[in-house]
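Look at the two complexes coming up: chain A is in both, with chain B in one and chain C in the other.
And then the complex of A and B:
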């Protein structure tokens, strides 16, 4: 309880105090009560926080969740049919244990205008793509890397989930003449629901709080604001500009969004428990 | 006692020369030692802000003068002692003194003064049929177009005019230098409003938009690599780049030619300062070191100059001290330095108000949006002005 109070409750209260104050130093003696000014500033006309920062954050979180969950499911289903599953799972899990900064830098190199991916495209007779330089492709390019980096943990959880699907049900469906696609949609996926739900919710929450990979790959959320997300915006406001008030207000807005989604997760799990 | 000196001189000649000076100081001291803490320029402001908030700010700070207003407002920088104020006012040009001052109070010694000029690759200009560097805006655009080369996949092989999209300073400083060359400025003289909606701002934004659209410049390509590899005919940058190019290009540095920006009536001046932290528990020895490095003389290349000027000269960068510039660059040195030294007389100092870095970041974002084609030149200027005005009005 003491640990929780020191490392969770006190920082949240202090952030709340900062969000409601103005001051150029994050010290209690320098705070001046500012009411909801910092929140109003975040959402005022001309502010980039709602659009594109928050919309980018949600797009990034939802996009990486869909890519990781679908990719993880496809990979887990394929692995279930391959010999030497342990080796394949280890290979898939390697990006998860690789340092995210190293991952980001490696992909940044791959994405360069004169990098290997564009060389491949050129060899295939296609024009080069400014993966991280073009506003249309920058955010999706980072989302792909985030999904690739977290695919291993999704595969691990979904593979474990697949082992819990009763063979009797699959065999009975086969005897009744159901094809592989029908079995997948009608039997496997519904029985995998708890694992799928866990993967998607954890990915969504991780996506909402993403910071490191974007900082490594696009440094300042560019081009323009196209890869700027809430965590990066907070970081810059607080630790570059010393604007602790609006940074803390932004942290509270993100906390509210994350909390809403976490509560939705709890409700879904409760429903899941009642259904099964 | 040990005094920590935080600086972005963390690699190459600048790091070596700063360390050499610090070693000289430490060798002659029994009471205080100085220890350098190098940090990447991109992380410098964040390091200062975070360490200060944690009560662990370095004793001596070597900073980009753009941040003076922000760090003075946050209570990071001490005003310099009265004796040093006189040394600063008498030894440095007005642009450098202004850059390290807030409302008339001086907060450090200017260490490095940069002005911006046009870097050209003689070989590529000659290949484009240009007799020399462009002198007018029309010539600049024509030469840039003539020098551009693309392969059959549409990849840029040679850029006519390279633009850099590294950090805020990279992309913004080259735009503001061009705006200043056309007689404009980023902010109004009182620093309270954006002034880019001028004919100068519109002309520069439109020029960049045209060049990007027609493929004469490709901001996706790293300007520094492209120019030193002979794949960019022209680029706008500060004097410090001469030293880096000399190191990276070797013999091919003979291809490099620098000149004033077209029009020759204005450019941007940026500066760095060395000051003492309010959290420093031993300010007197800290100021002694700063004074020793920035005001006491030493002999180099037959000239009597300050240790900081010697350091800048050896590293191929530019000191901000008038007498030392004359002594070091009178007969010696790189002829490519001349346009930058001449520009000291007419360059406009960068605004250094409490929200200068935020304003610069907003401008950088909109410049990038314009380069990518999502905003027209007029839209980019309009949005920048609205956002910057709003930020400068917000008290936070």
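And then the complex of A and C:
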């Protein structure tokens, strides 16, 4: 029994100690107490941390959440009316199990100035777009890929949620002469709320923390800092410049934002529980 | 069904367009991997290759040394999978069936660690490995050398225990009737024997699900191996190698070769997923029901 307890407690304590040591104590041996200096330098004038880095982080998280949730809902609603749901869901789920380097580079190729998407645009009589080269379109272009990559999980969860919507409700509403749109807004979406909340909150938290796809697609947040986000900034400060102090401070700020939103999520869920 | 349903034209249309968008990057990746340089340079862009240059796959494997990268990837992903299966089922067994003080608290603690943002652990994980006492030239206090960052352990160690795995296994082990375990204990079996003889065989479906999810995540992991291999290039995994070695190829031929290499790096988990989807789906649903 002791053996099992030790087997569980040790690694968990290990992880716990690590979590605590990151924000406050940057190094293990040759560290000195710096107080709030690291935080001060993050938010000082001329530091890019607040703008554009944190702004990008929030835009990225909110944008991908909206795209994934809305896209997932539309896809799940359509799938529910079609035969062969399993096959469709498989297609939508493929990006979830494929590595980001492969999907990121596949999209980077699609986005090339002379690439497939621009060829398509030109055939339709439109001008080429410098998707990843233009500072104005770079961040949205990566956001689309991130949403595309996580759409499959959203579809899976929302489809599962849809099966719990009682058929009688829908048929009763139809008999009462309600149109499809009314049914959707008045009945389906309210009943789907738990699933929708779950999808949007997990996407939001993941969006706040993600940076792997960005490093794959834009070479470290370029052009300029236009696609730089907080987690990437933390990674670069720590492992490219060896600045453990401000890197940990950046991680700490990001953690605070994430925790605040996670708590807001709990509140929402609790209220949800009381309503029903 | 007596209730007649309208032909769902709009859903068909949206779903089909959606499926095209979902698969277009893969299709384009595959088609590009089959183009020879002249074919690829053709303007305006052509989706279909004029001839199938399957030799790209052989060349990509040779020039990027995919065999070495694949070996590291396979070794890492398999080690992580085996250790997660062991630690998860052992810990899950302890949390489900053994009575010891603080058990409920411990379980809540495991659940809480699932909420820890992975980016937060990057720095402490790296520092702990670098300052591992008496390893890689370090002294007793963990200074002086490179610690554990230079060996394959560096790729594996942070991933050997999974809170989700512990949770999943605990849920399944709870359903094993206590009577079976009691009977075996009366016959004089120790806890490890019980785990090996009763718990593991009874939870095989859950173990398969956990193994697939763990293998997929370990195979696809990018940031951690990137970090480790910048210090030590021999520790590159397939995804990291793909990303870092792009510049080493002849630019004229780069893209088709790279696409071929990316197809190779994506194939193992894609194949596993297509063959064993229902196990994946069960794992995902467990996460949702949390």
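We adopt the following convention: the second predicted complex is superposed on the first by the 249 of 276 C-alpha atoms of A that agree within 3 Å, B and C clash if a C-alpha of one lies under 4 Å from a C-alpha of the other, contacts with A are read in each partner's own complex, and residues count from 1 in each chain.
We take it that a contact is a pair of C-beta atoms (placed from the backbone, for glycine too) under 8 Å apart; a residue touches a chain by one contact, two chains touch by 3 or more.
Computed from a prediction, not measured in an experiment: that's the story for all the values here.
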Partner touching more residues of chain A, chain B vs chain C, is chain C
Note to self: On the A-aligned overlay, A:153 touches which partner chain: chain B = first, chain C = second, or both, or neither?
What the structure shows: second
After superposition on the shared chain, which partner residues are touched by A:122: those of chain B (first), chain C (second), both, or neither?
both
Practice item. Applying the touch criterion given at the start, work out whether A:137 contacts chain B, chain C, both or neither, answering first, second, both or neither. Key: neither
Classify the contacts of A:47 with the two partner chains as first (chain B alone), second (chain C alone), both, or neither.
first
Regarding the shared-chain residue A:239, is it in contact with chain B (first), chain C (second), both, or neither? both
Touching partner for A:265 - first (chain B), second (chain C), both, neither
neither
Intersected contact list for chain A, partners chain B and chain C 22, 26, 114, 118, 122, 238-239
The chain A residues in contact with chain C across the complex are 1, 3-5, 7-9, 11-12, 15-16, 18-19, 21-23, 26-29, 71, 74-75, 77-79, 81-82, 88, 90-95, 97-103, 105-107, 109-110, 114-116, 118-119, 122-123, 148, 151-153, 156-157, 160, 171, 198, 205, 209, 211-212, 215-216, 231, 234-235, 238-239, 244, 247-248, 251, 254-255, 258, 262
Interface with chain A, chain C side, in the complex: residues 3, 5, 8, 10-12, 14-15, 18-19, 21-26, 28-29, 32, 43-45, 47, 87, 90-91, 93-95, 98, 100, 106, 109-110, 113, 115-128, 131, 141-143, 160-161, 163, 166, 191, 216, 219-220, 222-223, 226-227, 230, 238-240, 242-243, 255, 258-259, 262-263, 265-266, 269-270, 273-274, 277, 280-281, 284-285, 288
Within their complex, chain B touches chain A through residues 42, 45-46, 49-50, 52-53, 70, 73-75, 153-155, 165, 167-168, 218-221, 355, 357-358, 361, 364-366, 368-369, 371-372, 374, 386-387, 390, 394-396
Note: in the complex, chain A contacts chain B through residues 22, 24-26, 34, 37-38, 41, 44-48, 113-114, 118, 122, 127-128, 130, 133-135, 219-220, 222-225, 236, 238-243, 245-246
